[in-house]
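A single structure is presented below for examination.
Think of it as A, B, C, D and E in the order they're written, each chain with its own count starting at 1.
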Amino acid sequence: MQKRRYIKISKSAGLIPGSLVHIGEKKAEKQKITIFDYNVEKYEEREINNIEECFKFKEKPTVTWINIDGLHDVKTIEKLGNNFGIHPLIQEDIVNTRQRPKTEDFDDYLFLVLKVLKINEKNSEIESEQVSIILGVNFVISFQEYEGDVFNNIRERIRNNKGRIRRMKADYLAYSLVDSIVDNYFGILEDFGEKIEDIEDNLINSPRPDTLEDIYKLKRTILKLRKSIWPLRELIVTLTREESQLITDATNIFFRDVYDHTIQVIDTIESYRDMVSGMLEIYLSSISNKMNEVMKVLTIFAAIFIPLTFIAGIYGMNFEFFPELKWKWAYPLWWILVIAIGVGMLFYFKKKKWI
Amino acid sequence: MQKRRYIKISKSAGLIPGSLVHIGEKKAEKQKITIFDYNVEKYEEREINNIEECFKFKEKPTVTWINIDGLHDVKTIEKLGNNFGIHPLIQEDIVNTRQRPKTEDFDDYLFLVLKVLKINEKNSEIESEQVSIILGVNFVISFQEYEGDVFNNIRERIRNNKGRIRRMKADYLAYSLVDSIVDNYFGILEDFGEKIEDIEDNLINSPRPDTLEDIYKLKRTILKLRKSIWPLRELIVTLTREESQLITDATNIFFRDVYDHTIQVIDTIESYRDMVSGMLEIYLSSISNKMNEVMKVLTIFAAIFIPLTFIAGIYGMNFEFFPELKWKWAYPLWWILVIAIGVGMLFYFKKKKWI
Amino acid sequence: MQKRRYIKISKSAGLIPGSLVHIGEKKAEKQKITIFDYNVEKYEEREINNIEECFKFKEKPTVTWINIDGLHDVKTIEKLGNNFGIHPLIQEDIVNTRQRPKTEDFDDYLFLVLKVLKINEKNSEIESEQVSIILGVNFVISFQEYEGDVFNNIRERIRNNKGRIRRMKADYLAYSLVDSIVDNYFGILEDFGEKIEDIEDNLINSPRPDTLEDIYKLKRTILKLRKSIWPLRELIVTLTREESQLITDATNIFFRDVYDHTIQVIDTIESYRDMVSGMLEIYLSSISNKMNEVMKVLTIFAAIFIPLTFIAGIYGMNFEFFPELKWKWAYPLWWILVIAIGVGMLFYFKKKKWI
Amino acid sequence: MQKRRYIKISKSAGLIPGSLVHIGEKKAEKQKITIFDYNVEKYEEREINNIEECFKFKEKPTVTWINIDGLHDVKTIEKLGNNFGIHPLIQEDIVNTRQRPKTEDFDDYLFLVLKVLKINEKNSEIESEQVSIILGVNFVISFQEYEGDVFNNIRERIRNNKGRIRRMKADYLAYSLVDSIVDNYFGILEDFGEKIEDIEDNLINSPRPDTLEDIYKLKRTILKLRKSIWPLRELIVTLTREESQLITDATNIFFRDVYDHTIQVIDTIESYRDMVSGMLEIYLSSISNKMNEVMKVLTIFAAIFIPLTFIAGIYGMNFEFFPELKWKWAYPLWWILVIAIGVGMLFYFKKKKWI
Amino acid sequence: MQKRRYIKISKSAGLIPGSLVHIGEKKAEKQKITIFDYNVEKYEEREINNIEECFKFKEKPTVTWINIDGLHDVKTIEKLGNNFGIHPLIQEDIVNTRQRPKTEDFDDYLFLVLKVLKINEKNSEIESEQVSIILGVNFVISFQEYEGDVFNNIRERIRNNKGRIRRMKADYLAYSLVDSIVDNYFGILEDFGEKIEDIEDNLINSPRPDTLEDIYKLKRTILKLRKSIWPLRELIVTLTREESQLITDATNIFFRDVYDHTIQVIDTIESYRDMVSGMLEIYLSSISNKMNEVMKVLTIFAAIFIPLTFIAGIYGMNFEFFPELKWKWAYPLWWILVIAIGVGMLFYFKKKKWI
């Protein structure tokens, strides 16, 4: 009844290494290829249908950004990859959306895999989309699973020549893409933090089976977030170690800034994790508390009325020789006895702090 | 009543080091030896009965792959090992199936031990089989506990000259074997993931003692998986450190790709582990929840009817001087009192949110 | 109903890197700029309104300390930063109060971010304020979110030429600021330690749902403390590694002293953490103990009086042929039976150590 | 009533460092000294009473193995140590049986401390005995707490010239001793594994207070095993790092083989640990399950019969004006009512899946 | 009502760095200064009142050991420190008893801080005292909080020229002090181990709320022990790294011996920690077991007598048309029914293994 949560991952098992097979859901209907070509003086933006149109940009001294939305048409990606000299294994990685974030340094280009997070509006769960980035001497190629809005502000900055982007080289463009993705995490985490708080709020006071399920879901989501974001740290450390020729010193300081943001993101996730991991114990304690309450109510009622019922039972017996039954004040005295016992019990429970 | 889960591991204790004793279950009836000998132009495939037949391939410049299914006939393995110059301790390791995955670098050959995972169709538990691989200058020898199908796709590729395998050297063949084994893990993990989900599904809603047993079994299986797969990481790191002469640069990049896959497998196992390790707490919370429910039902019944029984008991007493008994409206008034108390209690429990 | 505990962190997402936006609550009404300029012979202290007034101090050989309280007026900070040659990304970090403690070494200045802790007097929670420090050749610039008293003792020492501060260079002033912040932690931790003890005191003896909430709050606070203080260790290690030209050997030994203090602070936090992390289990055990008590009371009452009620019920039956009812000593014998059973039960429970 | 489990460890505190005091239980009655002296051609075996008799072997080119069972006669050990040039601190270590496994490299001899495990047949607990080994150029001295059988197979191999032992040097003898000890662990662990399984078998199905005690004992034993075996890993790594002149390359590969076995032993212990550490939670869950069962039985009985008793109580009242009592079909109707209520309740609990 | 457990630690906050303030309890009434001056031929021991008297020993070639008990008279310590050239920050560390164990290497002297453990005889809790040691070329200065007996055996050895102490240099004296302190830990740990066993003994069989409190106290004590002893490991590693000129090779081997002891101490503490950390779970399981017992008793009584009471209630009804009441054998039959039901229930519970 529940949608399977794990993507089939075994689809490519047994294939020849380096063979291109799109692994993952087909999220976009049509592949969309857009090109930005710019330097400080001018810029050109166009959408193309035929991948061959972008080959000419490879040798141009201007910065070229080729963005491809949709990975299911592997033919296009293969053509592009072969033209730009991308290793077949890297092409395989691009179309296989179960990569973990990583970077690989071939001398003439850098390959980055990252995850963009997104809140699914239907079930408000966090989903991740794979973005691959190839940084060459004067070009950047980015691959997305579907058309997203995470890079829109970069497009705006190129169009309007805001900030330093048009003055810098391709490495700064690659930095900007990474920075956008990391910045995007903050919003996601903020939303998620609010969800945690909502659950916290009724954790101690009104624990219900639903809460248990919610906590479990939080745990799963944090697992997912960690899996998407932890490897990023290593990725950016590798980039800032200044070993690649492709990243200039001027851009390196910006990558160090992204590194700081990544650490903040990871810190936040770890805080969330610590918080959530304590929740189950709190929940269990809360349930025990409630049960204790229930038990006390039961015990108070039972301990007061069971003895009284016994006393009533005594005088309901039918012995022939039963002197008390004939006493004139027996009934009122009986009431005094019963009330005395009842009040005594109440005092006893009061003293035990049960009521 | 239950089959012992631990293989006798002490069989070889006290033996002379380097003496060949097959340790493990005898899983194959007959040892089967197959030879593939190929280069880019031609290939030869044959099954042999006499191990001496393969000695002549040792010096041939073509790539030779000797595959042996069944480890119980240690004589054959000793002859082969001595002819190819394999150290006696390595021969001992090959026939002792309780190795953990490892690699050893002798200058003229590399020795690898890996585990192939398999789902036992009878009890749907995951079992592991040991595969040893020896990579020499122009030969690869692989040892399996029994005839499996994990290498079939490689055989197909050699036969049909698909991909680059016929164009590459023995190191690429060794890579292909390792890659097949790692690829095979994905399918196993996928199946296992579905099992976890099934148990999750009735964890919160219908926890039963069975569920407890299932969780425990999941835990054990994950322990087993980790034991088989974790050491693989180190193994492949050692291979990719490019120290051995036997692995060329061209193949090294493929081993890095296998490394990425291994990390993905390990990541998945760790996710599973985190999920399962939280399950017990969830289960315990769920049970507590159910018990709370039971307690509430008990308390509501007891707290309503015990006082009412007492009230009925009062008027069952046989005192002679008992004015209420003679009142004309006593009985109807009694009913009003009883219903009022009952309804009052219900309101009280309603307010406490117990019903 | 509850104030959101997480500051909106996504405010700057999507902005151009290096653009100055104040992120965090506006805690001060007005920005306040104070300048201390001193050497061993004389000192000058003044408050200025116009940031340009402090530019002239940049080249003076005396030590200049510019302190800015209030970060919301980013224009002032930008002017100051540009005049003193501070990198735009550092300017961005100064006004963004969600930094984690870190240090960055530009050749001609050092940038430090620290957290000052403060107990909010209203809800007695621990709050953290960001303090940024820039150490140049002969100047120190410090940025606080609002006017605090953590640096007052340093101001006194400069005014009255106490200790060695007026004899030393700017690096010693920077050390003094860091030392003040770390010293300040001890008081905060002491208060916090007392709070932990208070909760401990009624953890075992009188566990209540409130205690659960308190423990959860302690956990959160420790998470916050760790987040603010752990990175400090690395920060100071970096400073003491003697790599920066700006820190002389004479001052370095003082930084090593601060390092020791930081380790003590971290040790204390970790002790607190260990203590608090065990509290929940203790609480749960305590609740279980209490429930056990309640159960025993219930069981004793029920086990004694339910059988007795039955015995009374027997003789309340109306059978016509009921010999006991006519016996003369039936009633006294009945009492003897009932008391014997009651006392027997009490002995039984005594033997079980329930009473 | 219970034997103290911790050996007095403070006996030597306050003594002059290097003074020989036997610390530990006196396990052997009489010290027994045996000598093996061999090369590939001949061998000599003898038991001596006077330690001076073995001094002459020191300079002989043949391999000499002196084995001493029983550590309480410190005089003998001191004489031997002084004659062979063993540092006083090492002599102290030999007779002090609370060492942890370690190795120390003096240029002309290597000192090893290991633990032999043994199952005490009386209480079937695992006990550890300390074995010290000194490896010199052409001699090996081993010290055991009492006469054991762990080295018997080595004695046999020397006597019968089996394997390569007579052909190799003293370092191979030392290896053989270490290998025997490590091989011995496998049998111990196997027994222990069966014990774990036995407890597992009745963990879920029939949890009893005994099980709890068993689990606790397993935990303690694993602690003990880890303490004895973990340091071995480091010990052997140190030996294989090939730094000592005393270990030849030919023997080094055998030590690497022991290393693999040690890792397998440690892996097994860690698996056991993981299994046992989950047992307590399982046990707790199982107990909760049982309690839930008990509660349900109680609730079903109480919820069915308490209301019915009330209904019976109504018609036991003695009101004079009580119309139902006179009705002719009152009694049969009453039964119908009571059965209807009882059956209704049963259906209700059926629906709740309690029965 | 409970003595605060945390020493005020904020006393020095805000002071000028390097100012001497005694932080900690004043444990000794009067400061006591004793001097030992010795070489292999002669020794001199004296107690002085005026600190100046010891200045002349500074330049003597004999080994001088100045021991100061009581830290509250900071003047004396300042004078001594200035005369022997001790850095003001080190002087501050000596009188501030909240140091963690550490070592600092100034070229002409080594500074060590250690903790001596002591069992408070009143409440049998473990307390720690700070001991600082300064090792110069031919002098050792030790500072204790109060006069203790931990160094008495060293004094004896100097007086009686036992062992090698009079033949060695100041570094061996420093080693002897450290060794005494570490040896002292064994006795403390042994006592503590017995305490753990006592609590273990009644953990499973007779768990009471007191046990819970005891476990919590054990946890706190272990935290304290770890805090005092863990840093020692690093301290001694630093000393044995042979970097300081002040420690000769001959003494270095003795420090390695202390290192082994320290590791043993730490191992023991970690074992204790593992044991204690499992205790809470065992306790909780034990309590659950007990509760289960209580529940069973309740359920058995309730399930047997509530139905019987109902049956008695039936025949207590006053219907006029009530055929059974008139039957002659009704009452005996009723007893047969009741006993049959009771016995049936007992069998049922027997089958369920509740009784």
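Worth a mention:
Everything below uses one rule, namely that contacts are C-beta pairs under 8 Å (C-beta built on N, C-alpha and C of every residue); 3 or more make two chains touch, one makes a residue touch a chain.
Worth saying up front: this structure is predicted, and the values here are computed from it rather than measured.
The chains that touch both chain A and chain D are B.
Hopping across touching chains, the smallest step count from chain B to chain C is 2.
Chain C maps onto chain D through a rotation of 145°, based on Cα atoms and reported in steps of 5. Separation between the centroids of chain B and chain E, computed from CA atoms only, is 43 Å.
Once the centre of each chain is set as its mean CA position, chain B and chain D turn out to be 26 Å apart.
Multi-chain contact residues of chain D (touching two or more other chains): 281, 284, 288, 291, 295, 298, 302, 306, 309, 313, 316-318, 322. Order of chains round the ring, from chain A towards chain C, by the touch criterion defined above: A, C, E, D, B.
Those residues of chain B that touch chain A in the shared complex are 153, 157, 162-164, 176, 179-180, 183-184, 186-187, 189-190, 193-194, 197, 201, 204, 253-254, 256-257, 260, 263-264, 267-268, 271, 274-275, 278, 281-282, 284-286, 288-289, 291-292, 295-296, 298-299, 302-303, 306-307, 309-310, 313-314, 316-323, 353-354.
Within the complex formed with chain B, the chain A residues making contact are 2, 4-6, 8-10, 12-14, 16-19, 87, 89, 93, 98-100, 102, 104, 206, 209, 212-213, 216, 219-220, 223, 227, 280-281, 283-284, 287-288, 290-291, 294-295, 297-298, 301-302, 305-306, 308-309, 312-313, 315-318, 322, 324-331, 334.
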